[in-house]
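The chains carry the letters A, B, C, D, E and F, assigned in the order they are written, with residues numbered from 1 in each.
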Amino acid sequence: MAKTVDDFSLQNLLVDMDEDGITTVTLNRADKRNALNAETIEELIEVFSGLPRMGARAVVLRAEGTHFCAGLDLVEHHKEDRRPEEFMHVCLRWHEAFNKMEYGGVPVIAALKGAVVGGGLELASSAHIRVADQSTYFALPEGQRGLFTGGGATIRVADLVGKARMIDMMLTGRVYKQDEAISVGLAQYLVEDSEAKAYEIARAAATNPPLSNFAICSAISHMQNMSALDAAYAESVVAGIVNTQPASRGRLEAFANKTAARVRPE
Amino acid sequence: MAKTVDDFSLQNLLVDMDEDGITTVTLNRADKRNALNAETIEELIEVFSGLPRMGARAVVLRAEGTHFCAGLDLVEHHKEDRRPEEFMHVCLRWHEAFNKMEYGGVPVIAALKGAVVGGGLELASSAHIRVADQSTYFALPEGQRGLFTGGGATIRVADLVGKARMIDMMLTGRVYKQDEAISVGLAQYLVEDSEAKAYEIARAAATNPPLSNFAICSAISHMQNMSALDAAYAESVVAGIVNTQPASRGRLEAFANKTAARVRPE
Amino acid sequence: MAKTVDDFSLQNLLVDMDEDGITTVTLNRADKRNALNAETIEELIEVFSGLPRMGARAVVLRAEGTHFCAGLDLVEHHKEDRRPEEFMHVCLRWHEAFNKMEYGGVPVIAALKGAVVGGGLELASSAHIRVADQSTYFALPEGQRGLFTGGGATIRVADLVGKARMIDMMLTGRVYKQDEAISVGLAQYLVEDSEAKAYEIARAAATNPPLSNFAICSAISHMQNMSALDAAYAESVVAGIVNTQPASRGRLEAFANKTAARVRPE
Amino acid sequence: MAKTVDDFSLQNLLVDMDEDGITTVTLNRADKRNALNAETIEELIEVFSGLPRMGARAVVLRAEGTHFCAGLDLVEHHKEDRRPEEFMHVCLRWHEAFNKMEYGGVPVIAALKGAVVGGGLELASSAHIRVADQSTYFALPEGQRGLFTGGGATIRVADLVGKARMIDMMLTGRVYKQDEAISVGLAQYLVEDSEAKAYEIARAAATNPPLSNFAICSAISHMQNMSALDAAYAESVVAGIVNTQPASRGRLEAFANKTAARVRPE
Amino acid sequence: MAKTVDDFSLQNLLVDMDEDGITTVTLNRADKRNALNAETIEELIEVFSGLPRMGARAVVLRAEGTHFCAGLDLVEHHKEDRRPEEFMHVCLRWHEAFNKMEYGGVPVIAALKGAVVGGGLELASSAHIRVADQSTYFALPEGQRGLFTGGGATIRVADLVGKARMIDMMLTGRVYKQDEAISVGLAQYLVEDSEAKAYEIARAAATNPPLSNFAICSAISHMQNMSALDAAYAESVVAGIVNTQPASRGRLEAFANKTAARVRPE
Amino acid sequence: MAKTVDDFSLQNLLVDMDEDGITTVTLNRADKRNALNAETIEELIEVFSGLPRMGARAVVLRAEGTHFCAGLDLVEHHKEDRRPEEFMHVCLRWHEAFNKMEYGGVPVIAALKGAVVGGGLELASSAHIRVADQSTYFALPEGQRGLFTGGGATIRVADLVGKARMIDMMLTGRVYKQDEAISVGLAQYLVEDSEAKAYEIARAAATNPPLSNFAICSAISHMQNMSALDAAYAESVVAGIVNTQPASRGRLEAFANKTAARVRPE
């Protein structure tokens, strides 16, 4: 298994980690609008299985070219002429990749641009924070292509925009962009330069203790799956560990001494 | 059991299906503001149990008169002076009707106008897409009438606007309309002519393969009920079937040949 | 156990109930920005365990000073230097308090101002309705303090604003206020005078029959935890009881006689 | 829709109701070992949708011939050469039938004999009580046939015998019978004459008030799907209705007067 | 609030704690076969809310007289002639009491004898361990009394014996005792003297570190309510706290030094 | 990543696959009673992540020495003196390993002997079938060691024996073996030679089509996590794929021609 990001064996992704643990994962199939073929998914699994134990403090997920990601590689899919059970297994690999992102404990910030459609939106929605620019547009054209989503849109996109809007996107191919995309929840930020903002966020998030970020980027997602009354119990236990970590003692000391920054509205 | 829409035995609803499978279901108690009496609910069960196996490709749910639906027929309810177990059974029939709509696999588009209140909002929220016009207003006056919702508002309206806004509507009778209604999620479209738009959407949705629409209009709802990690598994299997259907081969071929329409922001 | 609000033994809260059952619970540690120490949590448990059986018809939760609540008393937390299991037990008490609020069956209206941050937002999100004024700002600075939320933010704040926005707040310390806070769902009302509005809402809600309010303020929350198809069953049974209560007969009579107020858009 | 059992239109089932509401549903394809073809499933839907509103107080489900039911009609399945989506829809109809049995509110007692295998075990496990005789044997040969269960075995058989034993049955074709079948939970009774015992149980159950039986035969199943803490709330509401029904007043009176039979061990 | 067991204000229960924290809670209405009236339930809430913070290490729940508990006080219930919402509230108090037992974190061992029926079985099933003697018999006669269970039998008894056997008990009034009761899971121990055995177990359990027992007697129950994949996460966090507690260091040291008792089959 | 079993890099496990895909995984730390140290867990992850895509048809999990597995390596745990967050991460790796086993789609048969205690029982319960011999004994001594289970016992052991028996095992250290172990569900088979039987079962299971086994060894577990009504939907889709696979056509043909073996009681 890879021990550092240099040990990854990758054809479709580029991975780089700086000395602060700020890690860049780049989709590198610009000529295919970064469509996700089977091989890319395997690489995403490798990368996101490995990063949490390689010192990554935050990940920026970005793309080469003008589009973030056009989704499932339909040309490959057409050529493979898969049987149902074969495509089911393809989807299970997608979920392996995307669940490693969402539940892996390391903040993932997606820097979006151009097309974020179909499986591309599924990939983006597995990140913890999505930063859009003015060129970014979101859609789920699966219905019109005669398909269904197989990489978590039924869960993660429905979670972002609500089931009703997600079904509308699927039935009609509706496209969201800019302010409206922010308003319905597809991204948390709309800026001029989505990469610059993504790095700014990643660096800010990386200043939190890793254990706090681990809890934020794994526990919260698990708790959404539980009854509120059971989630409350689980949250108590997570807080028991996180809120007594040695790494936060200095911060609490600073707070008690009134030397810590206070929360203030801008 | 009815074999075509002409075999339905209906007093309170009108049903019509055109040659493309675009089906119109009309609430036909305009003098009662289309209030839902027990008989209408039985007819909704009959209709929405039957339509999925009668070739319906998409349903427009519309109403006679100036109001979509004023909800539970309170005059009937008052006259019947029901015992708790009797009203519980009334509600179970409402759910039978509304679950057949939501999970039936055929897109249902509600063309709204005027009052969409109480049970009328419950009916509308069982549709997959809601189109409002400028006259449309939404409310849950149950609290003030000394009632509670019994047709799924606790689930579907909470899902649309969030639990907190739904509780506010129930406690205070708050009315939403126009832009604010859209913004909080009560409808996906606000237009001048809600019926015209509903038919436009229905016709567009009907061009998707029926199996894709079946998945969109049944699987997504089931998946919201599951833990995300189990839903991912279920989604993989659904996509296994849908994404290898013969009906989508031509569409994929067109995509591979670049003759298919591409997703673009307007 | 306390029989009336005068029997409560309180140091950090003030409780008052008027003859209509409109109850005021005041956070009374203004010099600490109403930070929640262990003792205050015990008092919240005492109060919200007792109120439902003391005739409370609606509760306004307000604060002394310029800030609603700054959250966990970090000075106390720092001084106590708790072990994980000790802080886990602290959190379980927080949940005892906040679950009594949310599931207690009596409408709780929070009148917000200034800081509603960290545990203060957890407290506010346990109310059924949140009224903000122009000074109100919301944040979850836990990540930056080296902490995690332990009073239900992972559930209730995620429910209000969506998991994605909540994670963003946690990772980056993002602050929401005014229109944007309303838009993302942190409060249902933005007004000049949040207390005045909170009392207005409380008095309006208190005119509903107590049994309707009980269902609204307990059943809806439980139903969010269930699969939709099971929730439908549960809702039918709740409606069976509430919608046949003697207290609503007069209201239904008025409706049948057309002497009841009709729902109208403003 | 059928109004009495005589209005049912049936080829594969026989239905008879006596004056006490004790209803017999007979599987009538003895020459096919009562294998379940598509038509029989449609008839089961018709019958179990209708019976709860026709005065049925308890149902005995029995079979002609020496075997209760051999499961899915594999000859039909082989001949039809179904596509995945076609078989998916077959399964959805099976679930419609079996869910109407389990959640319909009327006690169903299955009188078993001979083969109760594959879909036959799925049918039997949808009954509330299973009575086996010495000839009865249970198995899930789907794995060996190259199939998977599609009528609820993954839920109901797993519920009866535990997931581990159910997986063993599926992987190995293991057959259970007689004492061991009772011990692992496949049936609640092992007797000489399973039909006679089934009628005895049905008549006993039919002496309970219908509302009590409705709750027992619908609410309990729903509650297994909920978190225990939410189920407790739902149970309280169901008990609120059932335990205050007028039909039980005489019974309580008898108890208070000590004229009611007391519970005693035999 | 009570600070020691002597501060409890009790009419129907007796509570005693020895110097080791072994606590006895006695049902003291032998002349009513320890039937549970409303007042007793309030006392159970008081006791089981208080004990976990009073140093209780293990609780033996026993009864005066020849019967453990005959369940809901039907004479009181008959006399009160409650409305549905009133009885719903009664049930909610039962759940408050029983949930405090099950989730309270202190092992509760029920010493059974004679009748453990209806609500008496619900009480017993809220204990963590049930010890039966030869006189003990279990039944749910609610169906025959025209009632439904309202204290958790639908959850806890179904959990012990499986849904199918529980429904059989409800429909038919079936009585279980002795070996068969053990075999189906109604109790974990069948002995000559159930009280002696209960104390033996309580003392043994009390030798575990309190934090281990807290996890065993609260976390396991919560985890049954979660999807297995989310429960795994929660379990990891609980084990994180429990398995690094200072109180277990000596035990681990003993194990490492091979001075600890090894697990061996008898 | 390893491509064949020979590519695995293992110190604590032995893996061998025969030409039929029958794979043996051997625990090879007999001198430590096969206690699970951190390294062994990493190897289990590697092996069970890889096997499903290496042609494994069935796995026999066996152990060197006289004991199957004594659980968590307590000597290592004691030496490491882990902080809570460190041990939480250890547990998350255990779950990664065990979930890969349970949900991996390949039948795993555990051949048990001697001690199957603590984490050893957690490992065994992640297999699909457990075969015990006369020497096998089961226990969860965690409570007495001052620990809690962190490898899934709260889920999988509770699933096998019921929550109540599992809590008893944890509180008291109770040991199960032989007939009683089978009766409560800890294993499905009790034989003289557990390895011989495990291979017999593995070879039998391997004759099922791999797709059927995949469904049996992944879907059933997911479905236990869902509401029954949603699980029914998911099951329909899985059966849609499995029951129309080409690999089963010959088997169905044989059945239709009556040349297939029939299910018969022995």
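Methods note: contacts are C-beta pairs under 8 Å (C-beta built on N, C-alpha and C of every residue); 3 or more make two chains touch, one makes a residue touch a chain.
If you want to know which protein each chain is, UniProt gives these names: A, B, C, D, E, F = Crotonase/enoyl-CoA hydratase family protein.
Note that the structure is a prediction, hence the values are computed from the model and not measured.
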Pair in A-D, A-F or B-C that repeats D-F, with over half of contact pairs matching by residue number: B-C
Centroid distance [mean C-alpha coordinates] between chain D and chain C, Å: 45
CA centroid of chain D to CA centroid of chain E, Å: 32
Where chain C touches two or more other chains, by residue: 84-85, 88, 183, 219, 221, 223-227, 229-230, 233, 237-238, 240-242, 244-245
Pairwise touch network: line, ring, star, complete, or other: complete
Touching residues on chain C, where the partner in the complex is chain D: 218-219, 222-223, 225-227, 230, 233-234, 237-238, 240-241
Chain A to chain D touching residues, read off their complex: 84, 226-227, 229-230
Chain C contact footprint on chain B (complex, rising order): 74-75, 77-79, 82-89, 91-92, 94-95, 98-99, 115, 117, 137, 139, 141-150, 152, 154-156, 158, 162-168, 170-173, 175, 177, 183, 221, 224-225
Footprint of chain A on chain B - complex, ascending: 107, 128-130, 159-160, 183, 185, 188, 201, 204-205, 207-209, 212-213, 215-217, 219-221, 223-224, 227-229, 231-233, 235-245, 247-249, 251-253, 255-256, 260-261, 263-266
Residues of chain F that touch chain A when the two form their complex: 1, 46, 84-85, 88, 211, 214, 240-242, 244-245
